[in-house]
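Note that subunit A is present in both complexes that follow, paired respectively with subunit B and with subunit C.
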Partner chain A sequence: MDWKNYMKYFTNNQNLKVNMGYTSWRKKIRVIFFLGILGILGTSLLCLNFGVVSIQPRVIFSILSHRSAESTNYLIIWQLRIPRIIMAILAGIALSTVGAAFQGILRNPLADPYILGVSAGAALGACIGIALEYISGYYLTFYLPLFSFLGAIFSLFLVYKSSKVSLSEGSSGLLLGGVAITFLFSALITILLAFSKSELHSMLFWLMGDLSTASWNKISIIVLPVLLGCFLIFFSSLDLNALALGEEEALHLGVNTSKLRVRIFITGSLIIASVVSFTGIIGFVGLIIPHITRLLVGPDHRIMLPASAFLGAIFLILCDTLARFIIAPTEIPIGAITASIGAPLFIYLLKRGYQ
Partner chain B sequence: MPINNNILTLKEIDFSYNHQHKTLSNINFNVARGEFWGIIGPNGSGKTTLLKIISGILKPNKGRVFFQNQDLNNLSRGEIAKLISLVPQDTWVSFNFKVKEIVFMGRLPYIARWKGETLEDYRISKEAMEKTQSLPLAEKNIFHISGGERQRVFLAKALAQTPKLLLLDEFASHLDLNYQYEMLKLLKNALKDEGLTIISVFHDLNLASISSHRLLLLKEGKIEKVGIPEEVLTSENLQRVYGMKPILIKHPKSQVPQILL
Partner chain C sequence: MFTFKKYIFLFTLTIFLVFYSSHLFSLAAQIDYPLIVADDTGISVTIESEPQRIISAAPNNTEILFALGLGDKVVGVTNYDNYPEEVNLIEKIGEMSPLNLEKIVALKPDLILTFAIFQLKEIERLRELGFKVLDIEPVTLEDTLERMKMIARVCGIPKQGEIIVGGLLQRVEIIKTKVAQIDSSRRPKIFIGGTHEIIYTPGANTLFDELISLAGGENIARVFSGWIKINPELVAEKAPDIIIVPVGVMNPGDQSRIKEDISKRPGWSNIPAIKNQKIFIVNEDLFYRPGPRLVDGLEKLYEIFYQ
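Take a look at the complex of A and B:
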């Protein structure tokens, strides 16, 4: 189908907003993208105004529209605040999309890259990478996501082995295994960092997450794996929907469930690894955001995955601004903010019996 | 390969879960197009396992399953999904989908992932809900409807798959009498109007006798008897399989055998 035909197909379908009682998902997804991008832009512009140095909104505007020449303010906006906001957006998209996908694949609303130990595995991998960098003297920053990825896959493997259940059962045994692995890996990170020199990032960075080291360089490394990975997961939406009816039902609907599981776990680990290697462990985002999104737009993954990505991005921009702002000039790790919102919700979900 | 009116042929099927104890052994039978088959037998006789062999979820250790003279092994899951659909016994759903969304999932085997659904998919889903009288439930959430309604919704989903063969796993097991009666009526209509073939596992022998053209009686993984209800539900057969002598009477309307304790 060439481009013109495709456009015709697309526009023809605009007429079928409500048909046979069904709303066209194309229409829904356009609304989600419109609101989502608007929300991210609005939140970003608002949060640009917060920081240790106070800069007038008027000045920010003129800097953004390139009417102001190089100055300290220009550097603060373009080299500090904007990269940090973009890092928050990428991390938010990554954590919420993967959280939603893991919940779908395990049929358990408590699953999340943090709870499953994937984040901790990725962080440990990155720490080992940094340690190697110091020992060997080679510049390894570009390869940090790779170390993280290996760590993430390794932790998934351990969780799977330790829980003794098949992944298809998606039982809470897997989550308990994940919690244990998270504890173990966090301890290993602490030990590793205690041995290392003080110029390494602080321990808090790896264990509680921090966006203060964001830079254009780091963004350029992770932007492709994160966005492409999320796109790939989005293409499995219908299969994830089918899986909500159960393993066998999904098979009866023609979904190759074991391939789907491998695909989601590998892609998810890659996305999480990319983000964690530069932000540390930011917990509970992948748990809260998909849950709220489901309440807002329903559980259909075709709508829910992009909506949850947008909401996650907005949520992390806000959390990071809070982290910078509450007791400025001292910063709070962003993971502390997300955890203080996420942990109570986790308990609430536990008490409500997973629904 | 036989060329005939059979939609399904099972040939010398052996299956075991753990290689020691055979769950099914030497299963042979042919199902003709348009028939309603009931699979009966005591608990643990291999009824549900047999259903999973037919739908290709489990692969037999020995023997072959032919669907419309095609070996099931040569078909992908996606191709099988267009031919065979199933109404499961367990209708637990992990997220709170709307009823119309659940029914729509029956169209999944037909939807290209990069293109999305067409009007046709909406139309077939709606028709499936009409046929099963679940259209009034369309906007309701699956967590908030009763077990009987749920089973109807899953039947609608299975019909939206527009299969040639419909499999049911104890559809009436925990339904009230009125829902049992309704489901049975819906299935009979589907059989007549759609040219479907139906194979259902039954726990309730009387319901099996009333619904089915043919019954297949299993005992410890072997076929004890296949035939019309009058041939299968005899007191000798029941004594051999269930180890008790029941009282058999004829249904006053349809004349099929019914069992009293």
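Take a look at the complex of A and C:
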């Protein structure tokens, strides 16, 4: 679908005119934040009850309220389930915010960190980092996000260069380049796996996504880059709104679009790299959550970006809970769940939205 | 007179058994904990006391534990465990990769035996959480028997471990001496097939290849290293005398049709193994799992090659 037609649907819709007004957005954003935080807390508390080991809600409550109890259940709740849920929240926020921002700056509904090759670049960077860890013997876990970031930036650079080579119109050229780079980097990861004797075989999860080894340690490494990065993107909302009207219109409105692109790309890569270095590539979230959010709250980025962050977080918590619960004790890769739930939901909302 | 003899016999037997078992018991508490051992992830693991609740995160570890008589201490095994039969009664922890950490934690193990090639990330996390993880990842038959002794030491039964491993070594030696007498020109060329259309066959530096050599065969894929996707032309060219098809989880298939399928592969009709119908179906677990049953596998191969 063409971005212009897609946005026209919203501009023809009364919602946009209301949303674009400066009077109601402050009120709206408060409601979004209130509902979003409430939603995340509620979903987290609900999903905390699900797991391969059944623990009574009463017991969970007592473990949550007095942190002193040293028992197996305590370990399961505080060291396994809660870090996993928080990791899902961070990954959800990161993927959907960056997805929404990328769709905004490229004015293309298909843009998403996965399709643009950023996720694959980040995963390749992390894999190289892990390989180096085994070759050199140094403990590099804390530097994995750095490796991912370099990988993500490198892939974006390649995508950008390749889109300049191809003569097609700006954003679709970028997407084609992104798809090519995703394939190339996934292939490089596979080759890296084939070369390594054994070290990286357990890292096959980079290609499918996995939250099972989330820990407080890893969360503490990525929480700041993810949240700060998302706030930086939120502050570009007005520029993104201007860009939604068109490239020229944005220039007339005084937005330096090329600078905006560079800013969003670098911030987005930083966010994605932080998450991917510990969770692997989780597809589909960055693509569909922004669309669903746009259908729910309209296209104004000031409201849409935070809303899609919250929705992404809730969505990933639910997906991860399903991943570890459906056929326990066996776990399903989270990427399979996000795709198989996300796609039908997206189609349904799309159909309903257009009627 | 006859009954008297019988009594004497029973008497000596009892004396012997009592002596022997007391001998074992006296050795049972011989290990001085804490014990420090180096595992296959290259980390020194300190074992503070005799493990009572062991989780085996790979079928070969389970087989080792049962062979050592430690089966009653195993509290968790993977979905892939199928030997010995008692494992069906033991709680399942799920897939080998990724390991379900919550399930493992809930079983409160004091020792977890892993297989790092699939489980590196989970091992790191389990160690962070304070669990004792011992990675057992042998790559040769000798390694496997060494690891068995190590597990016996860790579990406080070093003498029993020596005896059991000694028995296995003896069986290996018997095959070795038999094979040494066979002229090298008489050694059959062996090809390890599979039930999938694309056949992965073991090259040099694999357990399977080691067993083939020990049993007096010549693996046609020896020129390669590790498990490789073999080119069917190469098999035709190397003209193996015997084709062995391992069957199990990795090679599922209808037993009755395997021989027919292999025989009908294009371009293979002139292979001696196929002309003479020297195709043998074996249980893959005896060759893929670095555990005590490798010796069964070795004996099986010798039997196929020379009988």
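The working rule: the second predicted complex is superposed on the first by the 302 of 355 C-alpha atoms of A that agree within 3 Å, B and C clash if a C-alpha of one lies under 4 Å from a C-alpha of the other, contacts with A are read in each partner's own complex, and residues count from 1 in each chain.
Definition applied: a residue touches a chain if its C-beta (ideal position, glycine included) is under 8 Å from a C-beta of that chain, and two chains touch if they have at least 3 such contacts.
This is a predicted model, so every value here is computed, not measured.
Trainee: For A:I347, decide between first (touching subunit B), second (touching subunit C), both and neither.
Mentor: So A:I347 meets neither subunit B nor subunit C here.
Trainee: Just to be sure I read the superposition right, which of the two partners does A:W25 touch: subunit B = first, subunit C = second, or both, or neither?
Mentor: first
Trainee: Now for A:I326: first (subunit B), second (subunit C), both, or neither, which partner does it touch?
Mentor: Touch status of A:I326: no partner.
Trainee: In the overlay, answer first, second, both or neither for which of subunit B and subunit C A:H252 touches.
Mentor: Only subunit B; A:H252 stays clear of subunit C.
Trainee: After the superposition on A, what does A:T213 contact: first (subunit B), second (subunit C), both or neither?
Mentor: It touches subunit C, and subunit B stays clear.
Trainee: When the two structures are overlaid on chain A, which partner does A:F235 contact: first (subunit B), second (subunit C), both, or neither?
Mentor: In the superposition, A:F235 contacts subunit B only.
Trainee: Could you look at A:R107 and tell me whether it touches subunit B, subunit C, both or neither (first, second, both, neither)?
Mentor: first
Trainee: In the overlaid three-chain picture, which partner chain does A:G298 touch, first (subunit B) or second (subunit C), both, or neither?
Mentor: A:G298: touches subunit B, not subunit C.
Trainee: Output check: A:A244 vs subunit B and subunit C. Expected answer is one of first, second, both, neither. What do you get?
Mentor: In the superposed model, A:A244 contacts subunit B only, not subunit C.
Trainee: Where on subunit B does subunit A make contact in their complex?
Mentor: 52, 55, 57, 76-82, 84-86, 88, 90, 92-98, 100-102, 104-106, 108-109, 111, 113-114, 116-117, 119, 122-123, 125-126, 138-139, 143, 161
Trainee: For the complex, give me every residue of subunit C touching subunit A.
Mentor: Interface residues on subunit C, with respect to subunit A: 79, 92-95, 97-103, 105-106, 108, 116-122, 124-125, 128-129, 137.
Trainee: Could you list, by residue number, the parts of subunit A that touch subunit B in their complex?
Mentor: Touch list, subunit A to subunit B: 16, 19-22, 25-26, 104, 107-109, 235, 238, 241-242, 244-246, 248-249, 251-256, 294, 298-300, 355.
Trainee: Touching residues of subunit A toward subunit C in the complex: what are they?
Mentor: Listed in rising order, the residues of subunit A that touch subunit C are 51-53, 72, 75-76, 79-81, 198-199, 201-203, 205, 210, 212-213, 215, 217, 324, 328-331.
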